[in-house]
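I've put the structures underneath this note.
Here chain A shows up in two complexes: once beside chain B, once beside chain C.
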Partner chain A sequence: MESNTIIKLKDVNFYYGQSRALTDISMTFGKNKVTALIGPSGCGKSTLLRLLNRMNDLIDGTRVEGEILFEEKNIYAPDVDPVEIRRKIGMVFQKPNPFPKTIYNNIAYGPKLTGVNAGDLDTLVEQSLKQSVLWDEVKDVLNKSAMNLSGGQQQRLCIARALAMKPDVLLMDEPTSALDPISTAKIEELIEELKKDYTIIIVTHNMQQAARISDETAFFYIGNLIEYNKTEKIFTKPEVKQTEDYITGRFG
Partner chain B sequence: MNRQTKEIIIKYIFLLFSLVSVVVLGLIVFSLFREGLPIFGKVSVKDFLFGMEWYPTYDPPSFGIFPLIVGSLVVTLLATLIAVPLGVMAAIYISEIAPQAIKETLKSVIELLAGLPSVVLGFFGMVIIAPWMQETFDLPTGLNIVNASVILAIMAIPTISSISEDALYAVPREFKEASYALGATKFETIINVILPAAISGISTAVMLGMARAIGETMVVLMVAGGAAAIPESLFDSVRPMPASIAAEMGETPYRSAHYSSLFAIGIVLFCLTLAFNLIADYVSHKFRQIGSGTL
Partner chain C sequence: MMEEKRHTSLHYEKELQAIKDGIIYLGALTETAIRKAMKSLSDRDTELARRVIRDDDEIDRLDTDLEERCIKILALRQPTAIDLRFITTAIKITGHLERIGDMAVNIAEKVMLLNEEPQLKPYIDLPRMADLVGGMIKDSLDSFVKSDLEQAEKVRRVEQVIDDLNEQIFRELLTFMMEDSKNIHRALLVMQVSKNMERIADHAKGIADMVTYMVTGECVRHQTCSMLE
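Entry: the complex of A and B
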């Protein structure tokens, strides 16, 4: 697994002001794997996810210690531009958040910033929407507002929007928690499909979801990484008592 | 008295209070029209609005307010051109860029600016800007369109800035995060996501700022120069409508033609500010966001 590592955390501590949200996290994320981060609310799993593309930079008064290596380079090194990192590590949020623009412009937003020329944009938009299995539903309404789509469609649009940047890694922060079961199933199928080309790290509250879609699972509790292993192992024979208590629903 | 009766009484008391402002407004508008309309028995509406000569005390008098309307519109437009970029950019800086400490200071300074009495600003224009302008540009008078517009702009900036700021704050955080997560810089996010999402609020701010400027009396009375003629350059004096009313009302005989013509100017002003408010209202509904997501 070591040779296939794409992201590696070394002794990472994270603080919001004075309070420590993550404690001595060391872990590696495998390339083209789906890794699920689970744990009760406030355990730091979303914080960890947002550390990986430096989204926590946007919050005042936060501080990171330790190293996060992406393709063997520390993304928190002073010479690293967070904008570059975010172009390579895409993100999908908990609540579908398309821009109040047309469907086409939602997808084209990121690529336009990097200077993709207008001719290639059409192809890129089509390709991204096909990848997120939304093309057939929206190909006739590309110039309509994305706000008219259903929640599930909006979330797939957000995935397409992230894919249009051709990232290496896709971070997903509880991408289905605001969706109905049918939309959730579609997104899960999509994740299955995407992992051929992308590394996916997903935070989820839904343990069945973690069990269904992930290869590896990490269990967090109050800012600590409690157990990290193959998903099968975590859900059948967890090594730590706390993990077992959580996945069997004794707390959380 | 049981609980239900109390509720009903309270309901009507509040209704009464809210009706007071409506009734007062109605009465003011009524008296404005009652005093102003008689002038149209002497001059036609067309001659009044588009007449080129405002000589209300001559014999025979002439009541053409077109130069006054032009004067009002010119100073308002120029003031808007100055105030909008400054106000909107200040709002962007305060809401999106400034660190907390600077943000607080700037906000309170701008609010203080809103609290300055207009007569003080007028003094400033009269005593400081006018002589300086006259000497520097070698003008016959420093009391002119540019001077009045600058002072009006200073008055409109707090309105525009604080309403725009509220509109910018109201842009959902999710939009900003989505933009940053796609590798947009702060500047790109402001231009492409935050400003378009706040455009309805910003347009409202601009319209209200203009309404404030067009109705402002003291400043234009003191620094616009008072010449009731169509200006030929930006350094000419003008006599905006509110200045005319304020300057002449004290000298007119009660219910004379001049008196009612001043009220009629008041009607024109009222219609203009009403139009600005209606446009502001329409614009803010037209561009209203459809919320983020329909879950």
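Entry: the complex of A and C
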């Protein structure tokens, strides 16, 4: 595996029961890059994202073929613990989903479970909230409920919660689709910052968002990877007609 | 562009088509302006020259209108890929066409001065140059409408011929000036007419270069024909 590759997919097929949702996907994700997955609803982009940290395992009747290598090891190998994979490959969802706990405990909950001692927790909470650019807004209300935060703040809290587990990769499934433009801009800015330390893979329906924040863009259609290229190339001169039709709105 | 599949938004589709139509109309106006400017030279028709200068207002108005519409699309539609290349090309082409209109005005102004004095010589190469330049504008705009790279390439080749003709006219006029200093004023005016034609050809080539960019995504503005081959 090339040194700048963190995840590699080899001939991946994915099935929900009898129905195939992904067909022969082979691709690599670069370390410290932001990669956007785009495509119409039902194209398989979110399915692919969930495959990368074994979230699809939680759905009955699903089946994976092929290999997904994370740091050269197949994450679907029998000896691999999915919980450990999800720690290294964190996830942020479409709707902010803080726990009904204090802001502090939202961040501390995961690390506590994995055995981080109480003395280190304060530092970790502060560090994670600073990384997600939320610290200044919440430092005085850490013991208040996370449910009182605005939608944008809740989403940044969820990002902080994911970062507290010290992952290598952050998967984001339409992380700003429920947010207003200002909160969206803050998350996008945050993604730019985070890519220095993390690899980010983001599913988005907002084409301009993909264009703004990602280094690479992959276009999916009916379970197939149609084009995977530098974002600039995809949005100025895509190589495949189908990609062009989709991103210019000549679709359906 | 229009061989493309239609956009899901028909309004967007119409906005892009309207820009294309506007450019074709603007191109027709500039072609007419050059033809009239050259006719005013060969027919020594000062009134026609005045009309060329007057009609430039319409070219300027259309240029502004098209540019505003392109900017509106950039702001409101956020075009990508072929649409983005089409809009950036359209903005550049309107700029080139507006400048071509100005060159026709420059020629008309020189014609008005030339018409105040007896004709220096019969015009042979200048009408030929005018025909070629008119053809270049037409071909460059056709290549835009049809996304035709070959036609764009043809425009680039003719531009070299125009450069040679301009050189030839320059040398010929130099001999007139050396023969008799009374010829200098008129010879300089004719030289400026020729120079303006040569610059119009540059703008037509500029349009062809943008068409190449629109179709291929590759910038060829600063490459010569031999580099492209």
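By our rule, the second predicted complex is superposed on the first by the 250 of 252 C-alpha atoms of A that agree within 3 Å, B and C clash if a C-alpha of one lies under 4 Å from a C-alpha of the other, contacts with A are read in each partner's own complex, and residues count from 1 in each chain.
The rule is short, and it goes like this: a contact is a pair of C-beta atoms (placed from the backbone, for glycine too) under 8 Å apart; a residue touches a chain by one contact, two chains touch by 3 or more.
Bear in mind that the values here come from a model prediction, so they are computed numbers and not experimental data.
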| item | value |
| --- | --- |
| Fit or clash - chain C, chain B, common chain A | fit |
| Contacts of A:M207 with chain B and chain C, given as first, second, both or neither | second |
| Touching partner for A:D245 - first (chain B), second (chain C), both, neither | second |
| Which superposed partner A:P40 touches (first chain B, second chain C, both, neither) | neither |
| C-alpha centroid angle, chain C to chain B via chain A, nearest 10° | 140 |
| Of chain C and chain B, partner touching more chain A residues | B |
| First (chain B), second (chain C), both or neither touched by A:Q154 | first |
| First (chain B), second (chain C), both or neither touched by A:F235 | second |
| Three-chain overlay, closest Cα atoms of chain B and chain C, distance in Å | 26 |
| Contacts on chain A seen with chain B and repeated with chain C across the two complexes | none |
| Residues of chain A that touch chain C when the two form their complex | 207-208, 211, 234-238, 243-245, 247-252 |
| Touching residues on chain C, where the partner in the complex is chain A | 4-9, 12, 78-85, 216-217 |
| Chain A-facing residues of chain B, complex | 100, 172, 174-185, 188, 192-193, 196-197, 289-295 |
| Residue ranges of chain A in contact with chain B within the complex | 53, 55, 58, 60, 83-84, 86-87, 90-91, 93, 95-101, 109-110, 113-114, 145, 147-148, 150-151, 154, 158, 161-162, 165, 178 |
